[in-house]
Every structure is written in structure tokens, then in C-alpha cells.
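Taking it in order: structure first as C-alpha cells, then the write-up.
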Amino acid sequence: MPALLEVDGVSKSFGGVAANVDISFDVAEGEMLGLIGPNGAGKTSLFNAIAGEVTPDAGEIRLNGARISGLGPVACAARGVARTFQVVRSFDSMTVLENVMVGAFAGARRTRAAMTVATDTLEFCGLLSRADRPAISLSPPEKRRLEVARALATGPRLLLLDEMLTGLTPTEAQEGVALVRAVQRRGITIIMVEHVMEVVLPLVSRAVVLNLGRVLTIGAPAEIVRHADVIRAYLGDKYAPAG
Amino acid sequence: MTLDIILQAAIGGLLMGLIYALVAAGLSLIFGLMDVVNFAHGELMMLAMYAAFVLWQVSGLDPLLLLPIVVVVMFGLGMGVYRGLIARALSVRFNRGMVQIFVTFGLAIFIRGAAQFTFGGEFRSITTGVVANRTAEIAGVFLPLPQVAASLVCLAAFAGLLLISRTEFGHALEATREDRDAVALIGIDRDRIFALGWGLGAAAVGIAGVMLATFYYVSPNVGANFAITAYVTVALGGFGSLGGALVAGLLIGEVEALTALVLEPSLKQVGMFVIYLAVVLFRPRGLFGTL
Amino acid sequence: MKRRELLLSAGAVAMAGSAARRAQAADEIVIGAVYPMTGNAAPIGADAKVSLEMTAEIINGSHPPIPTLMGQGGGLPALGGAKIRIVMADHQNDPQKARAEAERLITQDKVPVLIGSYTSATAATISQVAERYEVPYLSMDNSSPSLSARGLKWFFRTSPHDEMFTVAMFEFFRDIGAKTGHPVKTVALIYEDSIFGTDSSNVQRALAQKAGIKVVADIKYRGNSPSLSTEAQRLKAANADVLMPSSYTNDAILMLRAMNEIGYHPRAIMAQAAGFQEQDFIKASGALAEGVLSRSSFAVDAVKARPAIPAVNGAYRAKNGKDLNDNTARQVTGLQVLADAINRAGSAKPDAIRQALVAANVPGEQLIVPWKGVRFDATGQNVAATPVIQQVTNGTYRTVYPFELASLDAMWNVGG
Amino acid sequence: MRNSILRRRRTELVGGAAVLLALAVLPLPIGDVYTQNLIIITILFAGLAQAWNILGGYCGQISLGHALYFGFGAYVSTLLFVRLGIPPAFGMLAGGAVGGLGALLVGWPCFRLSGHYYAIATVVVGEIGWLLFLNWDFIGGATGVYVPFKGDSWVALQFRTAKLPYHYLVLGFAAATWIAAFLIEGSRWGFAWRAVKDDFVAARSLGVRIFPSKMAAAAISGFFTGMGGAIYAQYVGYIDPDSVMAGALSILIPLPAVLGGVGTLWGPLLGAAVLIPVSELSRSYLGGSGRGVDLMIYGALIMVVALARPQGLVSLFGRRRGGPDARAA
């Protein structure tokens, strides 16, 4: 399968602090990739680079072979990259349906078409009952769903989920996982950023582990768990396996 | 356009610049603290000018002696305005930026009407005082004593504000400015800090008002004459930065004085505005702004 | 519909308010006066209210006859002793509000004539409304020449305009120059950037050129500005024989102080009155105002030529605690001329009043102002309004020109 | 459920038509000129507030310098009429075009700023415009421009004493701004601008282009404000920089929208219906005393409404979009 996304030697530092150092990996079409690492490992910086919020100092990010790094968020969105935010950013002066319609307008020209896309997406995300409620009145997990719905409404090829499952109760997490799986079934490539391994590893086919801005290792969840360096990075030297 | 004319205009610009700086310092302090632009700032200055005038008229004392009383009154007034109006404006959940602008604008109109109601529209002036109407001449350059006294007091006020920013209260101010929500965690009563901040801001503009009243007329509309200069000074210096207000105030005082020398004086404010736009367009946060 | 009730109720309030006012006594003539009651020029409006109401009392009241036009009291004889009543309206120095108030006075208070308005911009719209409703507008104290140059049928102005005032200034320069041997060679103009300042300076520039006097400084300054020190600096550099300012009160106060602060004491100041004639200016400037010359349409000290002054000025001083000045005296005179016109017209119909005003020919002796008289030309301008020149002498304005009306010789140290 | 938006927009359209009809009929029974004048000024400022609302309300850019575009419109229309004889019916559109162009020229540099920095920059640009017009002799400078009366005519938008024609002129203007806002609310632009207002980072991530959105909103807002200026000039008959470009006007234009309800269809109209009559009536019936009482009432009203109803008076009439009642969760 041709790589949908190629991250090629990406480095980025903010005023002397090296957030990302020479990171490279590919993501295949339809794959679900995890991007994990302890806090401050450079996950968000890389995530923003892919979403176009940040321009890498070095290296390139290509979508379908075409460079998207440095083009800015709007161009990335236009090329099919959609994202959610770690801290929810809903449009408070609008209803749930209208929030999603803003996303739908990325593809739709006319209001009626956007409304249809938005309504279908809300149904898909299980928020249809909330369609006419003001976005500000949703509960935190519902707001997270709204972000996903809004991003989905743009008809993306690549969906970036920023810590979507953290801080949820077990039932909420389960609903979140069900939604992510449903999105994947629609053939959308997903990159999930999480810092809680147990949540993300069961879901993804592969994971990129970052630590101190560098790629620690890339591999299937099973290998990741046993990888010495990963354990040390997460749990500190005390728990490093013998030998 | 001989040298001493330019020097004289520059001196005039310097003396006025310090007053602009202190007026702006009060505005910058309040903005830096809680993201509120006080559109009634000119009217607070006008109230201080009237307070100085009334106290002078009643007591016959030199306005410089009345300074402490007016400063205390203005401090109380500033806190009162915060508790009565601004606290509520900040707790609003929608259109907070807009509500805050138009609440302070409504306050400005109300104060102007109240001043007209209480004092009438006449132009009043403080005509006596140790420095009143006296001018020192040094090497052909004239230093009007009221303005010189006003500038020195403004500098002292600036030093006072800088000192305060070093104290524990000052750090609390700084912390609140950095992150309004976090401070609550470490036991800083945010509301009290905001009220004290408004008191300080009103006191600063009060000092400028009293000193101004020693050589400038007092009328219900005098606040408006200084309002736009204050906003430009604060935005140019950078909201929330006292040093910025000082530098910007001096710069604007100079530009205004020297433009009036070269261009048609009616356009002197345009010179000041163009400089402001030029700076702000390249450094949106102003010269020293951090917010 | 919610909104419509709101509007209707607002409209109802307006009508209710005015209805109560319109139930005026049968034999009463209401005159609408539009003045700046709030804003920077508020003191002018407050003084106008006193001067107009005082004059109405003189015209209406019973008192020993005062040797001036309509000074016999008892109302308008030709209308069975009808009383005149002044209704003040606030234009806040905004042409649109002046227009709205003028219309309100005409349509709601049914005033047959309008008077006003101190600022020329407001006079522009009030006179247009008067023209459209065919109601006379008598400008008491607007001095901008452009107002009477618009061919308006219903516009009248008893007061001299800036051109006539400025002619008097230059005649004074010529005569005082001859008398003292120190003629005026150079003048400096400094004027506010409003319609008043611009018009006044245009006339001064033209007449200076005609009189062969060099204009060495021509400074248009920002009204209500925080500081005039640089402007004063430029005046000092020019050091003209005579400084000719055109300013409202607050700028007049600031200007004298600014000049004093840089040690500049002009040899002579000839002001286009306005701010310089105000009591606030003299009180605030104190010694700095000594010797300031100003054109004026009123000479409180010309008692010999105008015997009615003590009585009228006394009545005004009793109500307002200060003497009549250039503005208030013109308001008194305007109202006298208007009352006389209504009386001669024998009716309160706007057209009858207009005819009477066109035919007005009041000799100077019947006025409190030192003019030759009141005669309106085709443009409605009183051509017999001859101003005087006054000088501040220990705190009060004394008439110094024309010499025959002067109560003392002018202090003149030009070219000394 | 699906077409809740369509249903709401249909009721708004019907409501709009009803109000338009009511306002068209409103002046007929009223003979008193002062009240007719009051209604005309109220509707004119309702239109201006709606024009400002397009930029300030829907796109969240709090411009405090709209008097500039109002002045451009007034001067362009008047000078075309006085000097070139071009009737204001067309001059009005030219005035609007220049207003829109002005808004773009100002927007280009100022939209890089945000929040209070943008507001202050617009105040400064407004002052510069006013000072330059005050000293620009070609357009009459401080002396202003008289609009000569050439007889009743719809083309020249001049009527001797008749008020009704002016009533329908300003009503047409206000209706045009309302329809523009209505169309914007339902269009792609409307959603994009509201997203920019609420959270431009999120909007950007969904492909909304921030700068072009602000410029488009500014152009439309400037166009209608300029047109309003042209109508004002024909109605008052005299314009000078102080009356059509002063800073006070830049505050008066957005005020009804802010008090009535920003970013809503009915906010600006409702705000104007309350604010303008109060300020006119308080001046007419209390201003004469010269005691400043009318200013106190006006100032107090602004403070009370802004604090009591931050989402605007419009939120009194049922649960308006733009946030539930303040007391809700």
C-alpha cells in the first residue's frame, strides 16, 4: 500500500528547546497509527507540524507525495488533513449542527448540502439528538465528540486525534473507542496522539514512540510494550528490565 | 527655525510627554491586569482635576499639598468603579470584550453628565500656587514651572509604581497578570487584586489630573482631550508595560510638539498617529508589550 | 409586534410632552431659541438662557420705562399686551441635532420664529429648516460670513459678521497708527481649525493684504488640544506687531498661558472676540489678559451714548452675577429687534414677522449696543451693525474705539 | 430535526416582512414632524448598526472607526451632487462603494491586530481621517458643504418638508442591511465569519481562510455604512467633518448593535429602537436645562443594559441563538 503520509527528517525547536529532532516515519492509507510518549516528548509539536500549525525547521512532510509542511493549517485542511484539539475549541455562539456545518463547508458549496453532510456526520457520531442545542451546553465528552464530528464533516483523508481518549470515564472511553473504530472502518487514516499507553495500544496497528523529541522506536504494539527503552522512558530507570 | 526654537519645542514635548506617560500608565496597569481598556480613563482624570480645583477653592492651599488627598480619593474611586461595574462586566459570559468597552464608555458619558450637573460647564482654573504662572529661563530656554513640577511628580509617580511592582503586592499583580486563573490556586484573592489594581490606576491618572489642573483649564469635557493620546500611548508602549508607557509617552510628547513645529499644527496629532500605526503594524504588541 | 409598540410608546411620550407645552396662553408668543446647553460651549448656552429670559422680562414686565427699544414693558402693545416666552433647546453643537430641535420647535411648540445658535455649523442647518418651513431665523450671535451668503429668504442676522468685525479691527489699526505714530506693519494669525476659525482667518488674511500689512505667521491649531506650547513658540518666533487669534474660551485661556510660559508677551493682541470676550477667560487668565484688545458688538461703558445700559446690564448682573458681554448683549439686542418687529407686524404669523423684519429700521440710540442701528439688506444681514474695539483694563473690557465712543485711550505699545 | 435551521430562517423571514410592513405603516397616523423625524433617525441608525454588526457582530472585529466610512459616503455623495450634479440616488451607491473600499484599505493593515489592539487602531485611523478631512480645503475643510435644495425629487433624494419620502428611504436602507445580514447568516460566509469570531484557530483548522473572511465582512460593512452616510447628508442638508466623521459617531454606530444583541439579526434594530429615542427625547426634554441630566440618563442606560443583558436585549425575546439564557448551565 502506498504511503499516504511521509514524515521525513522533521526537526523543530522553539527558542533553543528542541521539540522534534530528525523524526521520520510513514503512514499507510487506512492505517491507524499511534503517536505516544511521556509528556514533553514532542508529540504535540509534531502533531501541529502535520496539521500545518507549525512549520518544521528541517525536513519535510508529504501527503500523497506532495509537500504539505509549511503551507499552513488552511492549505492542510484543503488537502484533506483534519484534526481535533487537546483543549476543546468549540464555536460557542453556534449550535452543535452549525459547528459541524462549518467543517462541512470545507467540501460543500451550498448551505443545504453542508447541512446534509453535517446532519449525517452528527448521526454517525451519535450527537444528532443534540443538533439544535448550543455547543456551549454540551458535556465535556460530548464536546470532544463534536470536535471529531466537525473534523469528519470536512471529508478528510487523514484525521489527527489529539489525546481524544484521556480523562474519560471507562464507559465514555469505550464510546470513544467505538467511534474511532467506526471512523477507521470508513477508510480514513488516523493518527492518535495519547500519553496513556493502555488506551491507545490495543487500537493501533503501529505506534511511533517519542521521547525527548526523538523517535525511540516504531513498531507493533506487542513489540513496543516489551521494548526496554520504552519502559525506562515511561516508568523511569527503577523499573527497567534486568539486562 | 533656529536651534533654540527646536530646543524649546522639544522641552515642551518632554514635559507634556511625562504627563501623557502617567495618564497612560494608569490605563496600561488596568489593561495589563485584566484585559480591560478603560474608556472612562479621561473622565477619571477630569474628576481628579475637579477634586483638586474644589479643594483648592475651599482651602486656598497650594494644589501640590492637595495631591495626597486627591490620590486617596481617586484610589477609593478606582476600587469603587471596579467593584461596582467592572467586576460585573468581567463575570459576563458572552461578548465580554464588547461589554467591557461599552460599559466603560457608558461610565464616561455618565461622569461627564454628572460633572456638568454638579459644576456646570464653565472653564475653571487654579490660579494660585507656589509654581503658578512662573517660568524659569535657562540659556534662552523657558521652563514653565507648573509643567516642570508636573513632570517631576509624574516621574516620582512612575518610580512609585515601579517600586510597588517590586513589593509583594506587586508580585501578586504580576502573577495575576500572567495567569488570572492559576493565581486562585495559590491563595491570591483575584478580585481584591483587581480592585487594588483599579485603585492604583485611578490614583496614577489622579496624580496626572491634579498636576494638570495647575496649568490647564478644568471643564466636564477636558477628559476627552487627553483620552485618545492616552490610548495611543498605551498601545504604542505595549499594553501592560509601565516602562513602555513611559517611553511611548515621551515619544508621543516629542512627536506632537515637533510636528506642530513643521506641519500645520492642526495636523500635529496625525504625526503621532502615523508613528503609532507604523510601530504597531510591525510589532502588534507595541514597543515593550508582552500581552 | 413588540418593536412597534416600543416605537409608538416613544412617539406617544414625545407628543404628550409637547402637548402639555403647547397649551400656551392665548395671548402669548413663543420664541424658539436653539443653543448649546451641554458640551464644550455649555456656558454660552447657560448665559444665553439668562440674557434672553431677562430681556423677555423687560419686554413683558411692568417696570419704570427703560430708554431702549421695547423697554416700556407690558408686553407687545399692538397685540393687546401679549407676552413673549422663550423656549430653550439644546443642539449640543451638532448640526443634525440642531436640525431636529429646530423642527421640533416649529412643529410641536408652534414657534413663529427661531433664534440662535452661537456656533456657525448649527446655524447652517437651523437656517435651512427655517427656510423650508418658511419661519424666520434670526441669528443673534453667529459670525461666519458664509451664513448670509446663501440667498436665504428667511435668514436674518442682527449681529455683524466676521468681515464687518475685521474691517473695524483694521480701521482701528489705521486710526491708532495715525494717532500714536506707531502703525501696524506685521500681524500673526492663529485660529481654531473649525468653521469659525477658518472663516475669521480668511477675512483677516484678505484685509491684511489690502491694508499692506504683512502676515508673518498663519497658524491653524487643533481645537481643545492638550497643549499649545509649540504654537506659542511659532508666534514668538514671528514676533508680529499684532497677534490676531480666533478661539473659543478654553483655547483662549490655554493660548495666553502657553505664550506666558515661554516668556512671549505680544505687543498687542486683537481677538475675534468669542472665547476672549468670556468672563471665564478673564477670570482664568488674570493679569495675562490685561491689554488684550477685542472686537465687540457691545460697549458696557459707553453709557453716555447708550443711557439704557445701566438698567439692562443691572438686570442681567442681578440674574447672572456678571456684566453683559459681546455674545449676551447681541442676544438682548436681537430679541429687542424681534419683539419690535412682531409688535409692528401686529401678528404672530411668520410671514408678517418676516415683512416687519425686512422693514426694520431701528436707530442706534434705541439699542444698548453701540451700532449705528438695525437695517437688514437683501441677504438679511444688518448692515448698520458697527462694532467697537475694546481693551481689557484691570479686569474689565473698556471701549477704546471708535474714539468718540471710547471711555479711555487704548494702551498701544506697538512699534514702541 | 433536520431542517431546524431552515424552519428558523423561514420564521425570521416572515418576522422580517411583518416588521417591514409595520414600519411602513407606522408613520402614516403620526402627523407630528418631530416624532416622524425621531423614527427616521432611529431607523437610519438601526441600519447603520446592522451594517456595523456584519463586521463587528458576525465576524467579531470590534471596529471603533466606522465614522470614517460614514463620512466617506456622505462626502462622496454630496460632492458628486454639489459639484458634478450627479444625483444622490447614484451618489449614494458611489458613496457606499468608497465606504467599502475605505474599509478594505483600513482592514488590510489593521486585521493583523486582534482584540483591543485592533479596536484602538481603528479609533486612531478614524481620528486621522477626521483630521485630514478637517484640513482638506478641496472638500470644504472645516467649513463643510451645504447641500442646496433644488426641489422635491426622488432622484435627488430631497424633499422640502415632507418626511414620508425620507422615512421610506431609510426604511429601504435598513431593510437592505437586514436582508444582507439574513443572507450572510445562512451562507457559507456567515458560518465562516462566526467561526472566525468564536475561535479562529479552530476555524483555520477546518479550512476557513481568516484574513479574506475579515476583509469580505469589512467591505460589505463599509459599503452599507457609506450608503448610510450619503442618506444622512441628504436628510440633514449640511455636512462637516465634525458631524459626519467625529469619534463620537464611531461609538454611536455600534452601540445599538452591542446593546441590542451582537451577531444577531434583530439585535441592532431592537437596540436602536430603545437607544436612539431615549437619547433624542432625553436631550429634547431635559437638555434644555443645560444640567447634563440627559447625558447621565444616556450613560446609565448603556451601563445597565450592557451589564444586565450581555447577549443584548434580543435575548429577552425567547431563547435566541447565541447562547442560552445567562442563568442556564
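Letters A, B, C and D name the chains as they come in the text, with residue numbers starting at 1 for each one.
In this section, a residue touches a chain if its C-beta (ideal position, glycine included) is under 8 Å from a C-beta of that chain, and two chains touch if they have at least 3 such contacts.
Keep in mind that this is a model prediction, so the values were computed, not measured.
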Identity of the most central chain, Cα criterion: D
Relative to chain B, chain with the most remote C-alpha centre: A
Distance from the mean Cα position of chain C to that of chain A, given in whole angstrom: 76
Centre-to-centre distance between chain C and chain B (centres being mean Cα positions), rounded to whole Å: 37
Between chain D and chain B, distance of the C-alpha-averaged centres to the nearest whole Å: 32
Contacts with 2+ other chains: residues of chain B: 94, 113, 116, 120-121, 220, 264, 266-267, 269
Shared interface positions of chain A, touching two or more other chains: 93
Chain C residues counted as touching two or more neighbouring chains: 38, 42, 45-46, 193, 220, 222
In the complex, chain C residues that touch chain D: 1-4, 6-8, 10-11, 13-15, 17-18, 37-38, 42, 45-46, 49, 87-90, 92-97, 99-101, 103-104, 106-108, 121, 124-125, 128, 131-133, 144, 146, 150, 193-195, 197-199, 220, 222
Residues on chain C engaged by chain B in the complex (per definition of touch): 38-43, 45-46, 193, 219-222, 224-227, 229-231, 233-234, 237, 249-250, 253-254, 257, 260-263, 278, 280-281, 283-284, 286-288
Residues of chain B that touch chain D when the two form their complex: 31, 35, 37, 85, 88-89, 92-99, 101-103, 105-117, 120-121, 220, 228, 231-232, 234-235, 239, 264, 266-267, 269-270, 273-274, 276-277, 280-281, 284-286
Of all residues in chain B, those that touch chain C in their complex: 1-2, 5, 8-9, 12-13, 16, 20, 113, 116, 120-125, 127, 133, 135, 137, 142, 144, 146-147, 215-217, 219-222, 224-226, 229, 256-258, 260-261, 264-269
Chain D residues touching chain C - in the complex, by the definition given at the top: 18-19, 22-23, 26, 30, 32-35, 37-39, 41-42, 131, 134-135, 141-144, 146, 149, 160-161, 232, 236-240, 242-243, 269-270, 273-274, 277, 280-281, 283-285, 287-290, 292, 294-295, 317
